[in-house]
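Have a look at these structures, which come just after this line.
Both complexes shown next keep subunit A, but they swap its partner, so subunit B is in the first and subunit C is in the second.
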Partner chain A sequence: MANNHHAAPAPLGGRLVNIITLSCGLLIALMLAILMVRFLFGLGAVTNINDGYPWGIWVVVDVVIGSAFACGGFAVAMLVYIFNRGEYHPLVRPALLASLFGYTLAGAGVMFDLGRWWNVWNMFWPGSINPNSVMFEVAVCITLYIIVMWIEFSPTFLEQMGRHDTRKKLNKAMFFFIALGTVLPMMHQSSLGTLLVVMGSQVHPLWQTPVLPLLYLLSAITMGYAVVLFESCLASSAERRRIEMHMLTPLAKVMLGFLAAFIAVRLGDLVVRGALPLAFAPSVQALMFWLEMACFIVPLILIGAETNRRNPARLFLAGVLLMLAGALMRVNGFLIGYETGGDFNYFPSLAEVLVTAGMFSVEVLAYIIITRRFPVLPREDVQAAYQRS
Partner chain B sequence: MGNINDIFDTSRKTLQDVEQRLELPRREFLQFCATLAVTMGLPRGAEAAVAKAIEAAQRPSVIWLHFQECTGCSESLLRAEHPTLEKLILDVISLDYHETLMAAAGHQAEAARKSAMKANKGKYVLVVEGAIPTKENGIYCKIGGQTAIDMVKECAADAAAVIAIGSCASWGGMPSTISPLADSSPTGSAGVADILGKPVVTIPGCPPNPYNFLATVVHFLTFGKLPEVDQLGRPKFAYSRLIHENCERRAHFDAGRFAMEFGDPGHRQGYCLYKLGCKGPETYANCSTIGFGDAGENNWPVGCGHPCIGCSEKGIGFTKPIHQVAKMLNVTPPLQYPRIFEEQGKGASIASAAAVAAVAGAAAGAAIMLTRNLGLSHAAEEAERARDAAGKAGAGGKPAVDKAEV
Partner chain C sequence: MGTRREFLKGVLASGAAATACVASTPVLARDTRPRPPEALGLLYDATLCVGCKACVAACKEANDNPAEFSTVDHLWDTPLDTSGYTFNLIKMYRNGTMAAKDQETNGFAFMKTSCMHCGDPSCVSACPVSAMTKDPVTGVVGYNPDKCIGCRYCVAACPFGIPKYQYDSPTGRIGKCELCRHRHKDGHYSACAEVCPTGATLFGRTEDLLSEAKLRLAMKPGELNRFPRGHLRPAQEKMLRGKEDGKGERKRRGWRDEPDQSYETPAGTYLQHVYGEKEYGGTQVLKLSAVNFEKVGMPNLPPDAAAAMSETIQHTLYGNLIMPFAVLGAMTYFAKRNVKPDDESSDMEGKDHGQ
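What follows is the complex of A and B.
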């Protein structure tokens, strides 16, 4: 399926110890220390979550936002394999790598947040499952997707280990996993929105709507492309590689298409439900709503014109803003616009913030190590030659 | 309850007599009889029989023995004021021997007992208060040179009925507590039934509710026989139900609302005392339904916030540690119930707010710097491309610089 014109991926090489990897290591060590306390003394010992806010940032940021950030792999794979746009193929592996870690860490993050994590096997045990539960759908779907993604990404490791025969065999079945890898995220990214739907009136009307599954799916796809823009710019900049503008510029256009659809559904829904006046009430929720909307709309202005999409600075900024927008929408729905009554309030504890920072550090560190030691990014010299030809 | 005049012949002479004898208004007397009848769970109309029996001048002789005890049972009986019970206990029955209450002392007292036993042979009621020591032939408790064992055997021989009042007399009570370091209690204390080798009516409790005792005696007076008892000799009207079953705090138990320590918010709100070691779930008694001391309801240990210690139940009271959680005889509550008070959240601390701000600031700073650099390199590339294009027009120039200079 790969377009033969593209350069084969190759390890970047380079030192593994530098200021970034060391900082990541430090944050990871802090996270492990906090997690030790958490697993010895329970959630109450380190987190600020309570009965009114049983989900803190470990769920909202690490899992809900983390998995949405990790939609890059799915969004690009969908473009390449479903819509047969082979020209984007070199973006698949790096995007998949980021997704792989995003999702694997989201899966691990759930375990940190489960009060009685040792009962987690019941979620998959036929005698104990509850197929009517949204949580069940999300849990099983994400678990399956993590496995599917490791299979999708395994050629990278197989190539590096020289297991070419295994790779060939796997290639024959790969279409099946690629199809699964496209369907599964659509299922659970929309279900993550359904999680809020079932919370009913506890969620502020600005974020509570029956179309939440569609909104979450559209925004997750948009964020997926935004993450690819972000990650490509960042990787090129950090590794001093040429920015793949010939792919990113048209990709940004695809992204804007999804973004426009999202904004249309979002605003249309608010108008139809008559919830829009609440956005003009003097409240924290209204302020956050406008912040979120600004982050969604500014990229349209920023890279709406074709010439502007050729500017990597604008692409990068648009990517960052859209990631922020999607993240804000999730934080707003799950925490800021979430009210269970009583005097409950929640703000993450230092320990929670450090664990979340540690989780993102794992992702960054793993990305650096794997791109430097395994064939993920396209070989630079060949790519440059192809570019010029 | 039917026509009052059918049940109570209010003008009959005996009723007027009893009014004089007990120095008690008729209304209060009849209330008392009705209370006893209800305590025993007797059918309606029985209060009339009770009243007639009490009116009768033939007061049964009662011999009341004290052994290893604290006199708490007698004390509680004296505190019953519904109506003044010390009057009743002296006038309804003929208390011929009671070491604490009788005026006589020494040999005179013992002579009174012997003569009462002789005069009412086969008709008197023997009440035993206190455990009986058995070690070394019972030398640890002697009255007038006679051991408790001999005395209880002697008195029981010709008694019409034997009633053991209090946990000590019923099954050994507190004196029979065996230290974990020993294989028997210090004096080898035992209950009356063990000494006599036959079942007796037991009114366990430390002390028992006086009305349980009084009702038993009046039942005997009224019907000429003792009330129905269970396999441990306890009157069924008082001891057939667990305290837990009728406990006023039962709803809290069922809802999972427990006091976790003395004085905590749950304790102050009257939540269930199960987790403080309340033995109500394994103790059979009517404490939760009839209250103590005529001071109104709630006037019993659980009512005033202390867990039941199971004082009336052998193997529980004085045996299990007071705060050890009871063994549930029916439904055991789960270990995990919500706490009584849930923290509502702490809000932002300086450290966590600073951490969030630092993360946001670092991310924003990095994004701005990177955007700026990308913009600069893009501008440089564009300028170079324009120059190249201009140069190419002149003489076929060289390709653009590849690397983004960041």
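What follows is the complex of A and C.
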């Protein structure tokens, strides 16, 4: 259980102004300008959403997919603290940081999309709440989880600020927040799938099923591990650190376990409901279904063998494919497979894309600033640290 | 290393906790709700409709909605679909030469598009803040902009595509037919039914309207029959009677007196289907047509409401928060065992090496 053999987290150091942070800054400025127009003139002024597709990429990408990408923290914390796999401990902080930003921004992103955002307090007002609403459950759980994650991550800041007493006190109760931090995402990640159920036959049968909560939960966990693989490889190359293969190789195996369970439930459900023949119909939906399935299945081939899991390039590719797979399943369910009748079309406007890009830029920028100034990533030997700056 | 065993134990225990909860949760399956007994609604008879759109204009006026233009001259209200500013619309079905009314091939037909006031509405189930509500007595599905957060889940959920949002406004609202509930207190019923010259849109208690609809299905096509206009009498009587003590809202909701406006006309060639009788467990607005309902824009819906399935899933998983708390308990147990030594040691080390 003890982790003395792991390198403790330490700030990376290095400059904060470079081409990546500057690009992020530019995208964020563009986003703010677009949002100003949105809040002055309404959603129609900048988005292509309409009554046939009332939810565009600000909901489907920024919130539904964004929060699933942000499941790395939860997936790794569950492995380390619930299943007691202490060997993955160094992955917790970086994963939690990415999750923290992913979720905080998903929460902020919702506000841009709410047409009557000043009424949002009704979501928590006992006289207004509707416990029958899936959206209510999602909103409350995500809000709580954001708070819990900030508490989980706060020791990093407290360490840096020298508030060791506060940190010690907090650490005594930390086990409870960690437990909450695993239950809350299970609840809302599954409910993000349940959101589709009330839309009934408007959602194509390939994506409309009573097992949606299980499918969305399993895929979110899979995506969580995939994001950790992706981030670890990316952070290692960007910051010129050693890739943590001794952790990533076995982590990939855990991920494949969840992936196999997901694929079994997904295909089993399609067969039981008799929806599988629709996958062979000549339709855009069928094509997108196979694209989605391919992204789920190819990683099994790519890194199914133990020797292949030791190859960082393969791990990276498998991670990217699984992120894409989960994202596709969500886009397919919420947009491609959604049909309300009538002549409605939706393709995101440039402004919508720029706002989404701006949101991801905030995440990247904050990740860079925090890992360089706060103890998040596992410390490497001193020479490497000097080389960087 | 004991970690693998611990891992498996963890998997088993949490799996068991979850299954035990799902299994032991009392059956929370919720059946599709029927419409309330005193539910109010409309009967739209497409064979009587002449497409004059008086109802469209009256709806605009009653709801204080602006005109919407689809022609270059912007002369008069010409919406092409319902919207955040158009709650009621008569749409036209056209085929081939359009030689005859209510004929599927080489014919044309009309269909009213407005809220169906479902017995078990998806929009009400979806709304997280109870801005969309169903009146327990009249069953009218109403909207409260002071609670609405503008998430548009109702827009996405409705199988009829009825709630619509005002995308062009920074303070946009949801717009939908509320059966003119704001006019009820003055004794006025739905404006669309009030102005309909042929009785194609008829207001009344849904139960009475359903009987009227079945009466019409039994008529011989082309035979002279008497058709009411405005609202059905039984509705007026029921409402005027009000509560027994003569007080309360229902008394005030008595409809204004108006002469019997029924008239004689030949019966249409109806499809033997009252749309809304069984769809999604039954809606309060009912429709009759001579042309296939799907062709005139009414979706083919199952007898069970999607809201029932959604809420069954939701309450099986989260009913009384039993399962979340059980899982939280299991998680807390494992976390308490596994967390402490871990963080203390690594964090202390971190402090020593830091900066």
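Structure notes:
Everything below uses one rule, namely that the second predicted complex is superposed on the first by the 379 of 389 C-alpha atoms of A that agree within 3 Å, B and C clash if a C-alpha of one lies under 4 Å from a C-alpha of the other, contacts with A are read in each partner's own complex, and residues count from 1 in each chain.
FYI, a residue touches a chain if its C-beta (ideal position, glycine included) is under 8 Å from a C-beta of that chain, and two chains touch if they have at least 3 such contacts.
All figures in this text were calculated on a predicted structure; none of them were measured in a lab.
Superimposing the complexes on subunit A yields a three-chain arrangement in which subunit B and subunit C clash.
Shared-chain residue A:159: touches subunit C; no touch with subunit B. By the touch criterion defined above, A:186 reaches subunit C but does not reach subunit B.
Of the two partner chains, subunit B is the only one that A:240 touches; subunit C does not reach it.
Contacts of A:274 after superposition on the shared chain: neither subunit B nor subunit C is touched. Of the two partner chains placed around the shared chain by superposition, subunit B is the only one that A:316 touches, whereas subunit C remains out of contact. By the touch criterion defined above, A:341 lies against subunit C but remains apart from subunit B after alignment on the C-alpha atoms of chain A. Of the two partner chains placed by superposition, only subunit C is touched by A:175; subunit B is not.
When the shared chain is aligned, subunit C comes close enough to touch A:199, but subunit B does not. Contacts of A:282 after superposition on the shared chain: neither subunit B nor subunit C is touched.
Among subunit B and subunit C, the chain that touches a larger number of residues in subunit A is C. Superposed model on chain A: among 9-17, 117-125, 261-269 or 369-377, the stretch of subunit B in collision with subunit C is 261-269, the rest showing no clash.
The intersection of subunit A residues touching subunit B with those touching subunit C, taken from the two complexes, comprises 50-52, 342.
Here subunit B touches subunit A in the complex through residues 338, 342-349, 351-353, 355-356, 359, 367, 370-375, 377-378, 399, 402-404, 406, going by the rule given at the top.
Contact residues of subunit A toward subunit B in the complex are 48, 50-53, 233-234, 236-237, 240-243, 311-314, 316-317, 320, 342-350, 352-354, 357, 384, 388.
Within the complex formed with subunit A, the residues of subunit C that make contact are 3, 6-7, 10-11, 14, 81, 83-84, 122, 125-131, 145-153, 155-157, 159, 161, 164-173, 297, 299, 301-302, 305-307, 309-311, 313-315, 317-318, 324, 327-328, 331-332, 334-347, 349-355. Considering their complex, residues 1-4, 6, 8-11, 39-45, 47, 49-52, 54-55, 80-87, 89, 113-117, 119-120, 122-123, 125, 128-130, 132-137, 139, 155, 159-160, 164, 167, 171, 174-176, 178-180, 182-183, 186-187, 190-191, 194-195, 197-202, 210, 212-213, 338, 340-342, 375, 379 of subunit A touch subunit C.
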